[in-house]
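Next come the structures, one after another.
One chain, chain A, appears in both complexes that follow, with chain B as partner in the first and chain C in the second.
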Partner chain A sequence: MTAPPFSETRSALLDVSNLKTWFPGDRGEVRAVDGVSFSVSPGEVLGIVGESGSGKSVTGFSIIGLIDEPGRIVEGAIKLEGRELIGLPQEELRKIRGRIISMVFQDPMAALNPVLSIGTQIRLALEAHERIGPKEVRERAIAALAQVRISEPERKIDFFPHQFSGGMRQRVAIAIALLHRPKLVICDEPTTALDVSIQAEILSEMKALVSDLGTALIWISHDLATVASIADRVAVMRSGHVVESGPALAVLTRPQHDYTKTLLNALPSRASPGELLLRSAGVPDAAPPARKEVPDDVVALGSPYLVINNVVKTFAKPAGLFARLQFGLAGAKPPSASNAVDGVDIVLNRGEVLGVVGESGSGKSTLGRMAAGIIAPTSGSVRLAGQPVMSSGTMPRKVTTRIQTIFQDPFASLNGRMRIGEILSEGPLAHRLISRGEAPNYVRQWLAAVGLDPGYANRFPHQFSGGQRQRIAIARALAMQPDVVVCDEPVASLDVSIQAQIINLLIRLRSELDLSLIFISHDLSVVRHLCDRVVIMRRGRIVEQGAAEAIYARPQNEYTKRLLAAMPMLPRSVAGLEPATGPL
Partner chain B sequence: MFGFLLQRAWQACIVVVAMSVLVFCGVHAVGNPVDVLISPDATQDIRASVIAQYGFDQPLWRQYLGFVGRLIHSDFGRSFVYNMPVSELILSRLPATLELTLAAVLFASLVGVPIGMYAGYRPHSFVSRAIMALSILGFSVPTFWFGLMLIMIFAVQCGCMPAGGRGETVSLFGTEFSFLTADGLSHLVLPALNLALFKFSLMIRLARAGTRELMLSDTVKFARAAGISEFTILRRHVLRLISIPLVTVFGLEFGSTLAFAVVTETIFSWPGLGKLIIDSITSLDRPVMVAYLMLIALLFTLINLVVDLTYALLDPRLRKGRA
Partner chain C sequence: MSDTPFSRFLGDFRKNKVATGAAIVVALIVVLAVIAPLVTPQNPYDLAHLVLRDARRPPGYVGSAGYTHWLGTDSQGRDLLSAIIYGLRISLQMGVIAGAVAFALGALVGCAAAYVGGRVESLAMRLVDLQLSFPAILLAFVMAALFGQGRSQLILALIFAQYAYFARTAHGAAAAERQKDYVEAALSIPLSPWRVVFKHMLPNSLPPLIVVATVQIASAISLEATLSFLGVGLPPSEPSLGMLIANGFQYLLSGRYWISIYPGLALILFIVSLNLVGDQIRDQLNPRLHR
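On to the complex of A and B.
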């Protein structure tokens, strides 16, 4: 696709100028969008990129006129084919929504109504703008589903959202958005909640659809790589402003603004594996406190340490008393037990970082939980230096402290009613790694080691941002002085720049503490950056494993090849990027 | 679905059996009916013969077995006081209570839910604030006071409504109903309103909370983005989504209103079950108490079963697991 000239605004479909959308807050107005201008020509794809809180979603909702109370557009103009949208009566706006401008959301499960069939939801959207009979509604709905490549649309039309997979649900949402052939579709993080391979499909289909229908697209995303693969032009947003905009290729390969450069440099896919990201010249963090005692059975670096032997985990469907009686009497096995993990062998060498990659439902998290001894395997064993990590449901006290876990969601994994100091010292005190008197100092040392102010010990988790919380979660895990840390998607819910800081922290602490890591992720670029060895999982089984470089360079398995091909890539500039100077 | 029904029927059986033991033991721990049944100046011989006649000389477990044995032949025993079969006695009173309760609960839901949805849709408007303030009042005003006020205003001052009784009734399927005649209907209004007050406030608050939460959800935003009108969103999307908690509360409230309509029935001299059970407790009429409590337990399990089936109807996600 060729990008139209950037200065072209005369024939613009949508012209946004100096848009300001503010939300009244406790401490004055929150200026979510603060003077944003851009235009979209018919058939053009504009990517809006930014981290959370940059105002990119609010920009999208401002255009379609769906700003939640008490937010309001305080200034600016939104012109659709020359017609001003701001200040239009609600009924006029409603007539535009869905017919001329429509929108696709991030989470299709939340956007679609779970208790109405797909056919009903399409009918309601059709009847919003047209008077048509039931027969034509059905025909149009089937055609709409067929258009977004849903197989057997005649049958699927009576399905409910929960009967579809995530990707299919998003296709249904796209079908609804395209029903009236709108001139502009706003997509707010439409592929963020989806697996890589589904994301790739949706991206290419969306591209084809908009060029067939001549629809213009505003693609809002935090992911530079997906934006690069779909957008003609890109606008980079930060704290309510557009800091840089222009043709996609130019912005992503020759960024002018420091913030864009920082964003690009934060991406692991642009650095060599193992290298610290962002290359910021800040003061290095303090060293973590020394281990109290090193277990005598610690093996040399590089020799097998955590051995997972043929583990199987079956989650049986809970059966009621009557069902159990029924099966008990008949002597039959309860039906539909599914193997989340189905016979996996893994050897983790000491000091190694092992990446476990897979799409949702591949069993990677279940495997991680068994490796950490959080749940017991149905059969098979997990041994650390020869000792069973968990047998018959209870964990031996000695081994407990030696394997720790860092979870994905730092908002859910920290107890909101405990102070940071208590959170960090609770485990070490319980296992007598430190005494009560040593605790305050120990906590301060760990806070410093993960790059936080040691004075934060008296604060509560809600006083921290997502990235800071993940640092606290890392400090909590490491304060137990483990040898092995299981990281379950530790950077999946973080912005790119924060993700880069957490990856740096893991790289640093790993070498300082001789840690062995199991790093579970769906993000292939992060795994390549961090891991020595990679295991690819699918449907509870390992499909391929080996050294990271080898797998990324010469994948053997068909599934691995597909996964790697689906990975969105940024265009590489010829000259390479100059590093941004200074921290964010 | 059949397996699910079977499972629930099985659970209902267990509940009823457990209930019968609890009720039987509990009732027998309260007072001695002999003192009420026999005049104090009766001779020792008469006393002994009466005690033997009612089986009060037997140990408790034997009395229970006898009770269960009679139950199998659908014989709940005879009322000590009315001297008629308990089943007949209860069945003669049940329709009146059922009618009153149903009127109250339906009024509370059919009027309360739309009002609550409006209050949730426009949470900051003056009308919504007034609705919410009044609903607090509805929670806190005692039923008996509100009932007396209704009688004072509408029956005594205005004289436009009758103060008590069922009025003229019409026989339908062998039972008497008030709501089919104008006179009966006018007798039904005040007690039903009184009984509905608490449930009415509850439905308003529930519908408001659900609507308010859903108006901020992606489902509603997505529907708005498709240009669907606000009324259609409320009627088709929001109502369906908030109906599950509403049905739960509807079921629970229906059951408890049925069992405890006592205060209202007493104030409006409504000849229902509530009055019967109060009378039988004061006169220690054990067979009536036991039969009444067992009937209530059975009705509760029945209502819960209907509620569960309604869930499956309302939420397609629940259908698969139980099919």
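On to the complex of A and C.
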């Protein structure tokens, strides 16, 4: 069943009805979009929200006529100002694309051509639909860059994409999308790859731009909070259907459909810290196998345990002739040897969850890898219960098994050529935590403890979903019976409902096993939910640290304040803040 | 388990008819080469069996021993069909042994260099680059000239000329794998360097190495044939395909084409088939062609 379409405004700019886009698959057709209807009025912002595989991006691509073979639009209508777009020849579509409807993609590096200057790319985009002279091209290009708040547009117009940061590149992509004053812009996860502070800037600028230009906007995202902060109306998608749609405030504060409720309740920002999410979804009943022996140097809960003392990590600069030439030609300075982590002291108490928060390039991951003994610090030391975590010498190696790591991307962190049983038992066997005879049972116990079928031991990683893989990765780390676990963005690449399950699992296992966690994340709401203490990092240094509540309530440092302010927030369901009633 | 990566690989392979045909040809040649003493009417290396009266006879000639020489005989009265099958046997031996040792050596050097990193890596890979800058045939020539004639010397020369290709490929793949999270996860446990290299980095670096292996075995075989043709390969008492071609070369203009042409055709068929199989494996293992 499909949800009823949006309010039938007579002046709808875009009217999509009963759209079905299918892709042939190994086991029959994959109905990526299966009967979606909505409309967008001029100047309106429609947010399309959904988890991966919900069909939200395919909907966007269908509108702009970019469905690749063998996918096809099976039925339905896409009317732009009353004109049917489905079935138009490519020639006609090209006249519409970029001029009347334009699109902004998630990855600005992939969307811009790396070998052409920004100015050239803008010129090509202009010349696609207009005949204008070189002088006017330059003026228009500079104006377009200024419009998206790129400073010194006269100079930057000759830059190449690699000379811009990710946020700047996305601004350029937006500038190109807005060149011809299109009537509709489709943005597909445009801020997902960006840091929160950049995301906040782009959100507010985008909002101002579309209202200035009167452009309608379709904002596709998996993130309810960003959609809430930009969209007038919201459509929630799940497996090819729109399950709920309506005014943004109404949908996000008084959701009607169960799925929307699940999505909202899965967000840690809507629960009290430490609480299990989604009524303890995904928490297994089975207890993890008991630890064989507890080392005698384990300190009491709450006492200093892992001590990181003044660590510095320097990565060598590119010093070759080629690197120098490359930067010389581009007119930029070569990056000097910079300290990814520049003198950080952290004390992790036993049983504590310490959040490490920072934007990309803050050095938080490098710090985590040093804390876990994966890479050696250039100087400084990491000690667990007084013992160094890595051996010294020219080729330092990790010497303790008591610190383990959970990585961000569960598709990259499992060796695809090993069966799950081997992945889980390899470390414990190598370190004689278990004998060969005990291994199968040990593996089964751990699979059950992370909420997976114990019979999965013979499968390969590719047979599992992202959330299941992350459970396996957690089991692998905990099967080593560690005291400290470094979690490097363990939920960043997961859908919200899966994220909630993994957070629940971490909360439960942590308290059962008395683990101390270092939780590295860019997501402030997840950190607030899980962490006792928080460290804010910027450019390799700690700018502020303290108890989680204190930092969130009363940030002292300017950067922390900015970071917290940039955090996209969902509207709270507050009495008196009800939306105007209207046809849903 | 029917859904292993290997079974899916085989299923995909069968979809390409040409490659499947080539794989069958390779398999046939391998079987023929292995059971050569059982199927050939004559042992071409046993000089006592050679009858000089039967030398340089055309295809179809019934020799003095009573059986038909389907592909004719060479200048010493060898049955050419037998000589070709034995020649393929030698070629295969040389190619596979040299290929396997070069594979193992190169994979070890490449993966270890990628794991260790730093100056050791740079030094090892520059040495490999240096060696790659010489043509393989030149290296093999020098080695063959230094060590003299004979099977083991020739294998040594082939290994030396070829391991650098494997090392280069293994290093490229392993250096990419080294950066991946699952290797960091193995280091985080921590597993021993040997285990990380052999159990984690090497298996994941195998696809490009397998592709190089099929091409390099083919190239080892043609290198051996070339060296034998030029007279620095195997001794004349054990003619490989290269030497058969060389021996027949002088009779080519006198119309006795079969002494050179048939061994040449056999060599071409074998190498082309190997390359077709290698191409298909490469296409299947190329991640860019999937998703």
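Note that in this section the second predicted complex is superposed on the first by the 536 of 584 C-alpha atoms of A that agree within 3 Å, B and C clash if a C-alpha of one lies under 4 Å from a C-alpha of the other, contacts with A are read in each partner's own complex, and residues count from 1 in each chain.
Rule of thumb we're sticking to: contacts are C-beta pairs under 8 Å (C-beta built on N, C-alpha and C of every residue); 3 or more make two chains touch, one makes a residue touch a chain.
Source: prediction; values computed, not measured.
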Could you look at A:M480 and tell me whether it touches chain B, chain C, both or neither (first, second, both, neither)?
second
Touching partner for A:A430 - first (chain B), second (chain C), both, neither:
second
Examine A:V298 and indicate which partner it touches, taking first as chain B and second as chain C; both and neither are also allowed.
neither
Touching A:A128 in the superposition: chain B (first), chain C (second), both, neither?
first
Looking at A:Q463, would you say it contacts chain B, chain C, both, or neither? Reply first, second, both or neither.
second
In the superposed arrangement, which partner chain does A:A547 touch: chain B (first), chain C (second), both, or neither?
neither
Between chain B and chain C, whom does A:S102 touch in the aligned arrangement: first, second, both, or neither?
first
Give one of first, second, both or neither to describe whether A:D68 is in contact with chain B, with chain C, with both, or with none.
first
Which chain A residues qualify as touching chain B in the complex?
64, 66, 68-69, 94-99, 102-103, 105, 107, 110-117, 120, 124-125, 127-129, 160, 162, 173, 176-177, 179-180, 320-323
If we count contacts the way the header does, which residues on chain A are in touch with chain C in the complex?
369, 372-374, 395, 397-399, 401, 403-405, 407-409, 412-418, 426-427, 430-431, 458, 460, 462-463, 473, 476-477, 480
Within the complex, chain A is touched by chain B residues 3, 6-7, 10-11, 124, 216-219, 221-229, 232, 236-237, 240-241, 314-317
For chain C, which residues count as touching chain A in their complex?
1, 3-5, 116, 180-182, 184-193, 195, 199-200, 203-204
